[in-house]
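The two complexes that follow have chain A in common; it is paired with chain B in the first and with chain C in the second.
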Partner chain A sequence: MSKRSARDSRGSRAAAWAAVAVLGGFGLLPVYWMLATALTPAQQTFRYPPSLIPTDLTLDNFANLADEPALARYLFNSIIVSVITAVLSVVVSAYMGYAFSKFRFRGRRSLMYFVLSSQMFPQALLLVTLYALFSAYRLLDTYTALVLSFTTFTLPLCVWMLKGFFDTIPDSLVEAARVDGASRLRTIHSVILPLSAPGLVAAGLFAFVRGWNDFIFALTLAGREKTTLPPGLVNAFLGEATAQWAELMAASLLASLPVVVAFIALQRFLVGGITAGAIKG
Partner chain B sequence: MNNNLSRRDLLRLVGLGAGAGALGLGGVAACAPSADGPTTDTAKSATDFSFASWSLADNASKAKIEELMRGYGGKAGVTVNGVPLAYNTYLNQLTLQVRGGQFTGAAQMDIAWLAGLAALGKLRDLGDVARDAGYTEAALSSGQVDGKQVGLPWTTAAIGLIANRELMQKAGVTTAPATIADFETALRALKSTGVIPYAASTKVAQLKDILIWMQTFGSPLLDGDKVTVGDDASVEAVAWYKKLYDEKLIAPDVERVDARTLFAQGKAAIYDDAIVGRDFVVKGSPDTSLADKLDPIARPVKNAGDKPRAVQWGHAVVVVEGEGANTASDFAGWLTSDEQTVLGYFKDLSLPPTTSKALASEQVRTDRFTAQFSERITATATPNPFWKYPQYAQMETAISEQVQAVLVGRAKPADAMRDAGRAVQALIT
Partner chain C sequence: MLPALAMLAAIVVYPLVASLVTAFFAQSLVEPGRTFVGLGNITELLGGDFWRLLRQTLVFTVGATVAPFLVGLALALALNTRIRGRATLRGLLLIPWLVPSVVVSFLWMWIFNANYGLANGALEALGLIDEPRAWLASPGTAMAAVIVAKTWASFPWILVMLLAGLQTVPGELHEAAETDGAGAVQRFFAVTLPHLRGIIGIVLLLELIWNFQHFDLIYVMTGGGPAGATETFATAVYETAFQGYDLGRAGALGLLWMLLLLGMVAIYVRRSEREGQL
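== the complex of A and B ==
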């Protein structure tokens, strides 16, 4: 390698690291600020000018969460609705995605775009409709209302994501299974789905995170007993004249742990799952 | 398989999107609750009912509200079912529930929201309950919409100027500024001590505070149904605000929470707040003696002798017709006028009562901050004239956006206020 190309290579690497540092800082700074606020005594939360590094550290804000027994209920509700939303979204979108990918029928493309079209108008518009609908069927304040509303928004993207994944699986594999005597369902369950694990995990994680983070639907459709973490935390820590930011950050930090753990455990599936089909010609 | 979108695909997608949108809208129309009138409660004896409240969701007040609900429940032999809703989303959530018929009973309301909820036509006229309860005239009027007593006043005060007496004295300001000219002089003296002289609202979210300054300068804001924003007085008020901004006598990017924080930290000498903000600044301050330094001052006037202006602030209790409404009405009366109950509420949450008898009690009169606030600010407070319109929040936003355009130098006061006035007028007509 010539001196010049070695210099260029070092320059490129430095630029790449600089870019990673800037983008990483951009992504991680809010998380750092959340952690720093959670560890700052409540009296110092509003210190002006603010300090990037807390001078006094405390775990009181975490300890104070024990005085909020409702948080455990919010956490439980969040886990229930997010997990069910993820499972339901994956199951339904797997069959839909497979049908769009491997079957040829009149109106297939139009139907695919129709599924996607639900993403084209504001969710708040659907909120009023869903509220009235769930009210008419006495589903308000139930897990069912939350799961159905979350799934409404996760399905289109999951279907397209999985369709793209199924497109990467050669049709010859399906035909080989048929030649060996497998039924359509057997082909899907024993051949296609095992090969699609990364895509299914990616779709499931997307749906889980969507359900976990939702605020407005959970706020409106879930009653006091079925409230999930996002509206629950707002209810608990933000009032008319007060804002308990330190405790809110401590609770938010704990609330984000399940999602972090899920991502760490499943990250190896993620990249392949999300980008599958993106380069399929 | 080719996943690329062709032009034909795109057109198809747009067409389907429009179709789906139409279906969505159709769904909204089809599923919208009927506009039928509310069902009247026919129960002859006390029944269980619901009580919606943001104070029930707020850690600072939750225990007290629960105690009150238990107290009434025990007295009347019923269960009061609490419905806690966060303050910031309270009106939207309650409106949806009332409109959909999911909520009946009593509900806490900000007096600024009454017209919006009353427009649904489901609030009970509480005139009979209010008649002999002993509320002050000012308090009673805060619960009225179009002459109908839709809410019973729970706490009534105002939004006014709060000063830090120690910082004022440090700057050599020993008496409260009486006129705008005095106020400017005081602010300049405060600036020389290194603090933000006046943490006035400069963010759109809270720039509605400019309205009271417009009234101070002589604009009525509304004359009948004619919007007067854009008149000479309102333009003069905004030009004055811009002058304070340019001289750094007020700070950029400030809203109520920021102002409270700056004040609590001793970084700002004066700010606007309702009486409910006292606990926040006192508890959030490293200065343990801040409570003793709080000094509510009358808003300076344009010309000596003018009446100081302040905008009313308060909470009311409304009753939504339907199951449990009769008992809820009795609860609303008890909660807002029973002397022992309202004095207990004042003792625990520092929110002033609304009956003449309770206001005259020694407990209220000897609370220095409340007494001064009532005498100097609440005494001349008036409601925001836009509150009578259900779309008042949009009106305030339309004005706030134009005022901010002036502050950042994107528009001249006269042009901006003319545009703001037209925008608000369009919302009325």
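== the complex of A and C ==
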């Protein structure tokens, strides 16, 4: 018996290693390739077959990005819009998440269905009317249009995450605050929200990442002035004949950095968040 | 909670309904006014492009769901053993999921580049192809190439979900099965898989819903081309509305698309209810 299980565990360990090597390579090699290309002198990217190990490392590709003032503007826009979206979404959805978690009222379940399913409908379709709406109010190419449109996907996400978080706070705390004479709002502000800081941070961060990564809304609702990095990079680099691969990989690296860094820094708050519900589309 | 509800109603419900209503009109994005045409837009689509779009959307949806699921499942099983460095590896493997979709697109456009791409270099070195190919520019391979890119971007989320599920499988069950003489493969099918059924269902369903409406990678990598080979409902609705300005046709496409999607969303909502999340 013991012999058999030893063989099994040796066999499964080998299988585990093989899976990690092949599939881990599929996951990580492209990341390495982005980094390697970004650090390769531009003319060396026009070689075939490509060499996996870059020879003359350079930061020129990053320096060249600084010569394009439009990119700095897109970066600035991305930061502004994603931060405002995150803050607004957390503030607005905290109350709703709390109501879903702690109050029992008529229509609660249908409203929760509604919030849950509202993030599952096609953005391309929403855009048809949002575009007309923002155009009528002369809001095209403004931060307002971008923030409002981003909340179509960040609000349901934050409500859902925060509801899950508030569920873990015992009702007895709410009850105790009530006995002490605190109003409902007072209970939320002085008792619940301070306890929920990790949840609020996680929800805000997810909203930030989703806003930062958005492509279709900014592509459609913003013009050259207010657009964010993703459509900005597409416009700047993907022309008739795309050739600046080294520079594009450098720009891609910079565009990815904030979300990756934020995630690593806050990982302990976030792993629970990923598995808590429907997170990414 | 009222402000949040009002906001959702204003920015989600109203626009969705209003967009769908255009299905019954002849209407342009850039000119005012519209005329009622009844089911005209819809019958026109059903007699033409709809079926091709449906087929291509389904190919993308199924491919971009099954492939990352298998990758994620294999890695989750591998990382659930006591392998060295697994915490670091799990963290690093999240990167593809975190980076913006346009970055995923750029990276894989570069990898699949016809002249200098890594994919050609690697496949040629392995002897799998004889000469460099234009993966994204050939109708025969473009869809597969986009699915590979989407697989790369999606598997980390599936991996994390399945890994979380695996950690709830009681160790005693495995030990008991082992004492009864079950091998690793048998234990996987008899113990692990049944235990993961709930989470696998949710993961697959959500991936199907998301992929059915995925836009970013397809639009950036191929723009629906070459010759419409990677066009899906998402890119078709977008192009029809914002490049063709034909809101009637876009609305009709959207209506048919939504009906198909609604079925999947209903299943998901009912499932969440059963699992007591609501």
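Things to note:
The definition used in the following text is that the second predicted complex is superposed on the first by the 237 of 281 C-alpha atoms of A that agree within 3 Å, B and C clash if a C-alpha of one lies under 4 Å from a C-alpha of the other, contacts with A are read in each partner's own complex, and residues count from 1 in each chain.
One rule holds for everything that comes next: a contact is a pair of C-beta atoms (placed from the backbone, for glycine too) under 8 Å apart; a residue touches a chain by one contact, two chains touch by 3 or more.
Just so it is clear, the structure is predicted and the values come from calculations on it, not from any experiment.
In the overlay built on the shared chain, the residue A:G27 is in contact with chain C alone; chain B does not reach it. By the touch criterion stated above, A:A136 is placed in contact with chain B alone, chain C being left untouched.
By the touch criterion stated above, A:L116 is placed in contact with chain B and with chain C alike. Counting the residues of chain A that each partner touches, chain B and chain C differ, and the larger count belongs to C. Look at A:L126: by the touch rule set out above, it reaches both chain B and chain C.
Legend: residue contacts after superposition of the two complexes on their common chain; A:R47 is shown touching both chain B and chain C. When the shared chain is aligned, chain C comes close enough to touch A:M249, but chain B does not. Once the two complexes are overlaid on the shared chain, A:V159 sits against chain C while remaining clear of chain B. Once chain A of one complex is fitted onto chain A of the other, the partner contacts of A:A236 are limited to chain B, with no touch recorded for chain C.
Judged by the touch definition given at the top, the superposed model places A:A16 against chain C, while chain B stays out of reach. Comparing which residues of chain A touch chain B with which touch chain C, the overlap comprises 45-48, 109, 113-114, 116-118, 120-121, 125-126, 128-129, 131-133, 220, 231, 234, 237-238, 242, 277, 280-281.
Residues 43-48, 101, 109-110, 113-114, 116-118, 120-121, 125-126, 128-129, 131-133, 135-136, 140, 164, 167, 219-220, 224, 231, 234-244, 277, 280-281 of chain A are the ones touching chain B in the complex. The touching residues of chain C, counted against chain A in their complex, run 1, 3-5, 7-8, 11-16, 18-20, 22, 29, 71, 74-75, 77-79, 81, 83, 89, 91-103, 106-111, 113, 115-118, 120-121, 124-125, 132, 152, 155-157, 160-161, 164, 178-179, 181, 183-184, 206, 209-210, 213-216, 219-220, 233-235, 237-238, 241-242, 247, 250-251, 254, 257-258, 261, 265, 268-269, 272, 277-278. Across the complex, chain A meets chain C through its residues 1, 4-5, 8-9, 11-13, 15-17, 19-20, 23-24, 26-28, 30-31, 33-34, 37, 45-50, 92-93, 95-96, 98-100, 109, 111-118, 120-133, 148-149, 151-152, 155-156, 159, 209, 212-213, 215-216, 220, 229-231, 233-234, 237-238, 242, 245, 248-249, 252, 255-256, 259-260, 263-264, 267, 271, 274-275, 277-281. Put simply, chain B touches chain A in their complex at residues 1-3, 9, 12-13, 16-17, 19-21, 24-25, 27-28, 31-33, 54-55, 57-61, 83-89, 93, 96, 100-102, 257, 260-262, 264-265, 267, 274, 276-277, 279-280, 283-284, 286.
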